[in-house]
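Each of the next two complexes has chain A plus one more chain, namely chain B in the first and chain C in the second.
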Partner chain A sequence: MDDYRLRQTKQKFGVFWGNFGLPLIFIILVAVFSIANPNYATSYNFLNNLSFSSYVGISAIGMTFVIMTGNFDISIGSMLALVAVLGSSFIPRVGGVVAVMLTLLVACFLGFINGIFVTKLRIPAFITTLGMLFVFRALAFIYTDNVPVYISDRFWLYFGNGKLFGVIPFPIILMGICYILAYLLLRKSPVGRYIIAVGTNSRAAALSGINVDNIKILVFTLMGLFVGISAIINSANLGSANPGLMGQDYEFQVITAVVLGGTALAGGNGSLGGSLVAALILTFLNNGMGLMQVNSYWQLVATGLIMIFAVSLNKLKFYLLGQGEF
Partner chain B sequence: MVKFLKLYEKIGIFILIVLAGIFLAIANPNFLKTDTILNIITQGSYGIIVAFGMVLAITSGGFDLSVDAVVGLTSVFLSLLIPDIGIPSAIIISIIISCFVGFLNGVIITKFGVNPLITTLSMATIIRGASLLIAKGRQIPISAEKFSIIGTGKILGIPTPIWVMLVLFVIFYLLLNQSPFGRHISAIGSNESAARISGLNVTFVKIMVYVLVALTASINGVIRTSQAMIGIPSMAPGFTLLVITITILGGTSLSGGKGNLIGAVFAGIFISMIYYGLNLVGVQYFYQLLSVGLILLFALFVDGLRKRYLEAAKIKGIRV
Partner chain C sequence: MKRYLKIAFITAICLAMILTLSFIGCAKEEAAEGGMQVKTYTNASDITIGFSLWTMEFTFFQNVEKGVKDACEDLGFKYVMIDQNSDATKMVQDLNALVGQGVSGIVVTPVDPGAIGPAVENARKSGIPVVCADIGKSGPVNALMISDNFKGGQLAAEFLAGKINDTAKPLGLGNLLPQWTYARQRGEGFLAKAMELTYNVAANIIVQNPSAEGGYDTMQQILSAVPDVAGVYFTSGREAVGAAQAIQASGKDIWSVGYNGDPEEFQAIKDGVLDATILQEPYYIGYRSVEILKEILLDGKFYENVEIPVDVKLVTPENLDQIAADILEKTGNSAFPAE
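For the complex of A and B:
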């Protein structure tokens, strides 16, 4: 009886942690920073932070899908830079609107290539994308000769600096739309169920008639699409596309957000809401540390520690729920 | 096809080296001089030394992405310690500190059960931040003249890095192919739970593997620092990719259990030849980056093909 009760308590705690753990951390974080620094708790700073969090948040959607199928994509930092320099160099020739569409197409195509490599050649995704990380970055350098591309097109810049009703930054709206669409795709469409099936047990999925390769390719293509959107927002924020500086450590931040959000590295089990809250936590934390004038090298150390901590925390959650050993 | 792949596995990398050699010899008459060849091997040896460690890690079914960060950490500690405690003790202490990083990697991977890729990627970030903190973001010059012997000196007319590589090769070869420890690594890489059930101390072997990777990375850091005579916290960016490329191109299977040290040596020399050729043409650094990425993808392509055909052959009942 005691054993049973212990297990029940464990499970209750696991469920509670899974549902409310991250929002709780977020609230505590914001409260601590607000008390420590009066400049932190202003609506201006909050809106700005929300807008910045789209940088990690939007790609975190794609990464959640990719990790849910049991894969990884660490090429996204370089992909961001390559897509941004390619896309922004189209602007003078074809105009802003077409350039944005072309950018998204190119981004999808790069993700598609990753997907082909992973599925058709059966190379582990981590290694494929590690190779691509260097190929994309090198191509970005070669294409621009290491000269930043300056952007003056108003349509393009609106993606980063535009404000709806003059108050709400456009990236927030964009991030909201992306999350709603992704949620519908994952929870309300067959494709979402296929993604979960492939991640949980790809052999069983293949035997029950799902085309596993196509689902994986789709997931990598979607990853590319979201990176494309982030590339436009990021380059519009900066007013230029820099082949060397854009997307440094990007993959790391995004994977940290997704893992912190509770997506299991083994695949199958993912949470879009978790990824969003985790992206908010990371952005608000960085901003808070910046306002408190913490050395940026400490921030590097902190991000690494958070990553390991997040994975261990996930393990703990699944252990409490009785879905794995610690 | 299976036969071809088997043949490729054995001598493929030699053919690549010979082809590259013929090409370079035609392109540049200076190529066939002893100095040039020694220079190419020396340039290759930096990556090869760390590839020895990486071969062990990948054979055990793991991975280590923190090697470039460890190189930077070693460099910083060397530059800080040499003025205070002298060259030999500084080297020993820096190497011990790096090995401790490897130990931490191993402990987190085995005891907390965190994925090796995530662990070492996070560790790389932490170590890079820590090196920058310790060096306060500066590059620290080293004034002890004698220290430069390690990287630039020659013994019997052959540069020291090559000697270091040869000594490490013998040690790692004996370790991997002739010792129980090596057999344990292969066993764990082939089937970890089987290895555990048959009574191997999986935790110990894995931790040792990550310590050894950090050791090789640290030795690489010592050599590089002694050549540059400056402690650089962000030394060797992108070095991890080079090491992994050498390891995979050298025929170590990504699925674990099969390590190939000799292949790694030749793969390193081959990539060094490519660099030399690119330098001859006078292209920029970015093209070198691109070429390593493409070579890695090619090596992976062949590795994937091999796996696919071996599986198909097994199903058909062909003995391989």
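For the complex of A and C:
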């Protein structure tokens, strides 16, 4: 009977940790920094951090889908730079509104190419996207002759710097909409179930009639779409699109958020909410350490250790739920 | 499927409406503002200077930071520094965070000068003056302290011409990437002076990998393209040291000049590997940037988009020790690498 109770308690804690572990870490983090530095707890700083978390947060949606299917996309940093320089160079010719739409189309197309290479040429996603990382970056350099594209179109700039009712930064609204749509797609539509099925066991998924290749192409295309949205927001924040400096180490930041959020690298299991909270943790942590005058190298140490700590807690959750060893 | 199409359609319509309404609201808000009103102070102790720095990885930036910090101490200001970690997105986030902290003035050494426009505009709208300490700017700032890079390039060409003394012999240039608009003037000054002195710059190659290895590779390319090159000028410090090592490895007698005055360059000149460098004054750039903010915030002086050139000097084996002693006296830092 005692064993049974212990198992039940373990399971309850596992479920609690699975649902509230990361949000709890986030709240503790914000509380600690707010006590340590009063300037951290201002609404301005909070909204500023939320707004900048969209840079990683939006692409983390696409990466969650990709990793859930058991794949990787490490080309997204270069893709972000290429999409940003292409999109912003359209502005003088077609205007801001059409340029935004064209940018998203181009981004989807680049993701689609990745998906085609992975599925039709049977090249592992890691190799394909590693190759495309070089191709996209080189194309960005070639297209611009390594000269940044300056953006003055107010519609485009609004995506990074606009405020709804003069208060809420527009990137926060966009990120919210992206997460709601992605949640509906993943949890309330057959496509979402197919993504989970492909990631859990692609052979079984194929035998049950799911077109595995099409699902993989779809998730890579969605990855492109979310990178496209991030590229517009980021270039609007910066007021320019720089082919060399944009998206440096971006893929690692996004993968860090997704892994920290509890998505299993082996595929199948994933959490959009986890990815969002992880993106918030990373942004708020960096901001807090910066305001606390923590040396930048120690900031990297702290980020790395927190990631390892959070992933080990995630493993603890599965152990408590009786779904794995610790 | 129809249900999902309906959801997507409704979402797109809602998003378009939000975007349109808030965009119109924003347009009115922007039209109502504009211009800059600086909040002035009477007590130095009420002033906090925020400094956003490219990176603490390189000596040049460490000296800019020391200059800013020392000036804040000397003038009685509080001081907050945030490291951009060579990340343009973080730079913008940090600048906004400094505005949120309510600093009185900002000094920024931007990793991407093209990307500071909106963040600087945001700071200035909040009444916070911004001074760029080197690198460059985009859009209006209060002041930009920038090395006289064109003159530096001219000094390098004059030095090489004086040593080679034969206009038939070709020169080489290891140039910077086109995105560094202000720093590219180092190459432009060199090319203009070389032309004036009737020297031919037979190879003008961009160092694609900004590092000592990049300098080494580029020098090898110059040696392949122009085997009889008599003198080379590399527009950045580490690249120049790499290039000088490639010259030494080739066994050829080629004059070499760098730019920056990094400790590695001082050591290379002392060791006879590099022949000269153009010295920038990062400590002075940082210190003077804070003095300008003091003039704006305490004295009420008007600065709007003012570019202030900072003088550069030629360092050769002849004046190396004297200049190193001056640097030590002014900054407390050795001009040579730490042992």
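Rule of thumb we're sticking to: the second predicted complex is superposed on the first by the 306 of 326 C-alpha atoms of A that agree within 3 Å, B and C clash if a C-alpha of one lies under 4 Å from a C-alpha of the other, contacts with A are read in each partner's own complex, and residues count from 1 in each chain.
Note that in this section contacts are C-beta pairs under 8 Å (C-beta built on N, C-alpha and C of every residue); 3 or more make two chains touch, one makes a residue touch a chain.
Every value quoted in this text rests on a predicted model; they were computed, and no experiment measured them.
Asker: For A:T129, is the partner it touches chain B (first), chain C (second), both, or none of the two (neither)?
Answerer: After superposing on A, A:T129 lies clear of both chain B and chain C.
Asker: Is A:L265 touching anything from chain B or chain C once the two structures are fitted on A? First, second, both or neither.
Answerer: first
Asker: Kindly classify A:L184 by the partners it touches after superposition: chain B alone (first), chain C alone (second), both, or neither?
Answerer: Once the two structures are laid over each other on A, A:L184 reaches chain C alone.
Asker: Considering only touches as defined above, state whether A:L305 meets chain B (first), chain C (second), both or neither.
Answerer: First partner only, chain B.
Asker: Can A:T119 be said to touch chain B (first), chain C (second), both, or neither?
Answerer: In the superposed model, A:T119 contacts neither chain B nor chain C.
Asker: Taking the superposition as given, does A:T221 touch the first partner, chain B, the second, chain C, both, or neither?
Answerer: neither
Asker: If we overlay the two complexes on their shared chain A, which of chain B and chain C does A:T64 touch? Say first, second, both or neither.
Answerer: neither
Asker: Touch check for A:I142: first (chain B), second (chain C), both, or neither?
Answerer: A:I142: touches chain B, not chain C.
Asker: Identify the overlap between the chain B-contacting and the chain C-contacting residues of chain A.
Answerer: 146, 249, 295, 299.
Asker: So in the complex, which bits of chain B are touching chain A?
Answerer: 63, 108, 112-115, 117-119, 121-126, 128-130, 132-133, 137, 238, 241, 244-245, 248, 254, 284, 286-287, 289-290, 292-294, 296-297, 300-301, 303-305, 307-308
Asker: Across the complex, what residues on chain A touch chain B?
Answerer: Of all residues in chain A, those touching chain B are 72, 74, 117, 121-124, 126-128, 130-135, 137-139, 141-142, 146, 249, 252, 255, 259, 265, 295, 297-305, 307-308, 311-312, 315, 326.
Asker: Taking the complex as given, what residues does chain C use to touch chain A?
Answerer: Residues of chain C touching chain A: 4, 7-8, 11, 15, 18-19, 22-23, 25-27, 29, 55-56, 80-83, 85-90, 92-94, 96-97, 99-102, 111-112, 114-119, 122, 138-139, 177-179.
Asker: Inside the complex, what are the residues of chain A that reach chain C?
Answerer: 39, 42, 44-45, 48-49, 52, 55, 145-148, 150, 154-155, 157-158, 160-166, 170, 173, 177, 181, 184-185, 189, 234, 236-240, 242, 244-246, 248-249, 283, 286-287, 290-291, 293, 295-296, 299
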